[in-house]
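Next come two complexes, and both contain chain A; in the first it sits with chain B, in the second with chain C.
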Partner chain A sequence: MSAEEALKATYPGDELTFSQFRDNRRVVVPAGKLFEILAFLKNEQHFDMLSEITAVDYLEYEGAKDRFGVVYVLVNTKTGERLILKTHVNDPEPLLPSVYSLWKSADWLEREVYDMFGIRFSGHPDLRRILTPDEFTAYPLRKDYPLKGRGERHNFPVITRAES
Partner chain B sequence: MPFEVSDLAELDAPDKEYLWTLNFGPQHPATHTTLRLVLTLDGETVVNAVPHIGYLHSGFEKLGEHLDFNQYVTIVDRMNYISPLHNEISWHHAVEKLLGIELTPRCKYLRTILAELMRIQDHLLNTGTCALDLGGFTAFLYFFRQRELIYDIVETASGQRFHTSYTRVGGVAFDVNNAWVDKVRSFVKGFAAVHDEVHRLLTRNRIFIERVKGIGYLSTEDAINMGVTGPLARASGVLRDLRKDEPYLAYPDLDFKVIASKDGDCYARYLVRMQEMLESIKIIEQCIENIPEGPVNVDAGSKAVIPAKPAVYRSIEGLIQHFEVMMPNRGFPTPKEEIYAATESPNGELGYYIVGDGSPRSYRARTRPPSYIHFATFPHIIKNHQLSDVVAVLGSLNIIAAELDR
Partner chain C sequence: MAMKDVPDNVFMTSLDAAASWARSNSLWPMPFATACCGIELMATASSRFDLARFGAEVMRFSPRQCDLMIVAGRVAMKMLPVLQRIWLQMPEPKWCISMGACACTGGVFDTYAVVQGVDRFIPVDLYVPGCPPRPEQLMAGIIALQDKIKNGGTLNGTEFGKRTQPTGPAPFDLDELIRIREANEKLVALN
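Moving on, here comes the complex of A and B:
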């Protein structure tokens, strides 16, 4: 039984959307069921490696209904198959459950998504900015972030010699 | 950045007054680029390590949303300054998958040879500098000389030694000639002797073994759980190689082995890398003898390819197509779809997640950098080691700061 069929059988009432493009097998799940489905895929379907978490800001995307899409790429190291799982979150408070308890690789990947998109992960042990400075307030990979960083750099605090 | 109390939460020592904090890098010679590690030390034992990254963060992914698929090549090769051409091959692999382009046989073989040369180049520098940091200067010199020969091969093919920008959507910038084939042949012929020499210098060297054996142990379960890929994962016993698992380019036709070890320490990683270089040589030998004739770019009628310069200068069709591909408001049609495609880079799984929105630019160009995932394991594997082991572990992880930060 493939992972898709198992998901269909286990979560019959939920709105799971399955699709395929080239060799990518994809499933879109509702954000409320995300952790449960990921735990199911890890424990029952042997997707033991979380290879990637990333996000897409659909602000200017034609025909998009939701603001953010968060993408999880799962790998089964026994068979080598991949499954790409996607969920949607919206403003004003984009929040998802952290999957750190399932895969430790989620640690830095979730921090990066938080740093770049402002999507928070509840239950993450140490959700801090990772690529930008701590005093940075914006989320650079959002589509409404100005390309030249206008209005951002000017707000950096000035450190005097006495304070440093 | 001040040291945060939360970083110490894991410590169960009743009185932490005697622990002291050491900033390792960004300027330490063993952190080959700008890496900063905040180490908490108990005497010389590392109790905790907190990596701070972000010094080289230059917004490459944001740039990818404003450059078209051919222009972004100049950015991706700056992500990995050890084996730049592999990133280009990887990026265009993902783009061609999005567009549904099947490469010509000659281009597949050509890219495979270049990808394997880059793998050798990466492993050469990595094993060389690892030995250098642990006091072995000669091995580094021997290997760097071999890197120079690869630079020369790459220069003959593309005109550039380093940031080549050689690949294009649907092919490469220009074909190679016989002189190039001869250069690759002579490199392959001479490499085994140098490899053997370094093998004899390091592999049974008492000093080297004492510094790397049993250091930085990563178990199979941890390697899988932490998302580790590439030589690191294979040294921990994870039999995963995208060249076999998800064959791309010419790899299905070729005969080569996946090197793995069970030990999971720095020595195993060194041995896996050394052995992988010989496998790469085997792949290049097979490719260079069987490289098919024919065009390197896909059919120009597909509208996705930049035409060759003579066609642009001497025919109106070529000129029109060049204009169509190059102008910012034109370009070739792309599907409104999303794709994740990965290749086995020298460091591990290098993937791209591309969102197409119908325009010739990617709506989102995400890189899945192997170094980033690998460096996250560092605090885990360095615990309870000596301060001097930090250098050995850093060397064996092969951290590329530009790929780490993007």
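Moving on, here comes the complex of A and C:
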């Protein structure tokens, strides 16, 4: 039984959307069911590797109903099977459960999504910024953040010849 | 002591000049390679281009042993404090080469996170242009720096004390863009 069929059998109803593009098999799941489904995929379907978490900002995207999409790429290391899972969260307080308890690799991946998009993960052991400096206040990959930033670049001490 | 007593294999010079000469021919670079320019820096040290011919090949990855920092590649905001700390850890006298468009000016990366020229925050002695510069260009840069060290150095480094500004340009005045545009419009109207 493929992972999709197992999902269909375990979560009947119309809340999951399946699709395929080239060789990518994709599932869209509701945010409320996310953790449960990921745990099922890991424990029952042997998706033992979380290879990626990333997000998409759908601001002003044609036909989009939700602001952020969060994408999980799972790999079954026995069969080489891949499954892409997507869920949606919305503004003022985008929040998802952390999957750190399922896959340790979620640690840095979730920190990156938090750093770049401002999506928080409840239950993450150490949700700090990872790519931008700690005192940074914006989320640079949001579509409403200007490319050149808001002048964050220049607050460093200047070292001159005389004092170094 | 009369000059006629000095044997042929002894020559006279000032202590400053001798020290500068020794320093210029034994540069130990600290490679601060963060991006594509770093690959070019590695190629420079490789057998094909052979930086060793100029006495500047002892790449050290410990700042305490280096006296030439080569910043090769774009420097991100989060990286700049690291760069500054490494610079401060290098013992005097020391020099800095800014290699490539990114290290010199930020290059094409006019984004929120890339430092627009490392010379705004640490002193830079020599700029190597290009994106990326070819190894020959870096070598020409190092030879030019050697000349600079040879000609300008003092034994105790007093020449550095006079420089109280980082050598780079002042931060860019945003109104300048508007003034340039207005001047251009005036020119167009005149013609």
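One rule holds for everything that comes next: the second predicted complex is superposed on the first by the 149 of 164 C-alpha atoms of A that agree within 3 Å, B and C clash if a C-alpha of one lies under 4 Å from a C-alpha of the other, contacts with A are read in each partner's own complex, and residues count from 1 in each chain.
By our rule, contacts are C-beta pairs under 8 Å (C-beta built on N, C-alpha and C of every residue); 3 or more make two chains touch, one makes a residue touch a chain.
Here the structure is a predicted model, which is why all the values come from computation and not from measurement.
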item: Partner chain in contact with A:Pro97 - chain B first, chain C second, else both or neither; value: neither
item: Which superposed partner A:Leu147 touches (first chain B, second chain C, both, neither); value: both
item: Partner contacting more residues of chain A (chain B vs chain C); value: B
item: Contacts of A:Leu131 with chain B and chain C, given as first, second, both or neither; value: both
item: Which of chain B and chain C A:Pro30 touches, first, second, both or neither; value: neither
item: Touched partner set for A:Ala162, first chain B, second chain C, both or neither; value: second
item: Which superposed partner A:Ser51 touches (first chain B, second chain C, both, neither); value: first
item: Chain B versus chain C as contact partner of A:Asp107, first or second or both or neither; value: first
item: Residues of chain A that lie at the interface with chain B and also at the interface with chain C; value: 131-133, 140, 145, 147
item: Touch list for chain C against partner chain A, complex; value: 77-78, 80-81, 84, 87-88, 94, 110-116, 120-123, 160-167, 171
item: In the complex with chain A, residue positions of chain B that touch it; value: 1, 6, 53-54, 57, 59, 61-62, 66, 97-98, 100, 222, 224-227, 229, 238, 240, 245-246, 336-340, 342, 349, 351, 353, 355, 357-358, 363-364, 366, 368, 372-373, 375-376, 380, 405-406
item: Residue ranges of chain A touching chain C (in the complex, touch as defined); value: 131-133, 138, 140, 145-150, 152-154, 156-162, 164
item: Residues of chain A touching chain B in the complex; value: 21-24, 26, 48-52, 54, 56-57, 60-62, 71, 73, 75, 77, 80, 82, 84, 103-105, 107-109, 112, 116, 126, 130-134, 140-141, 145, 147
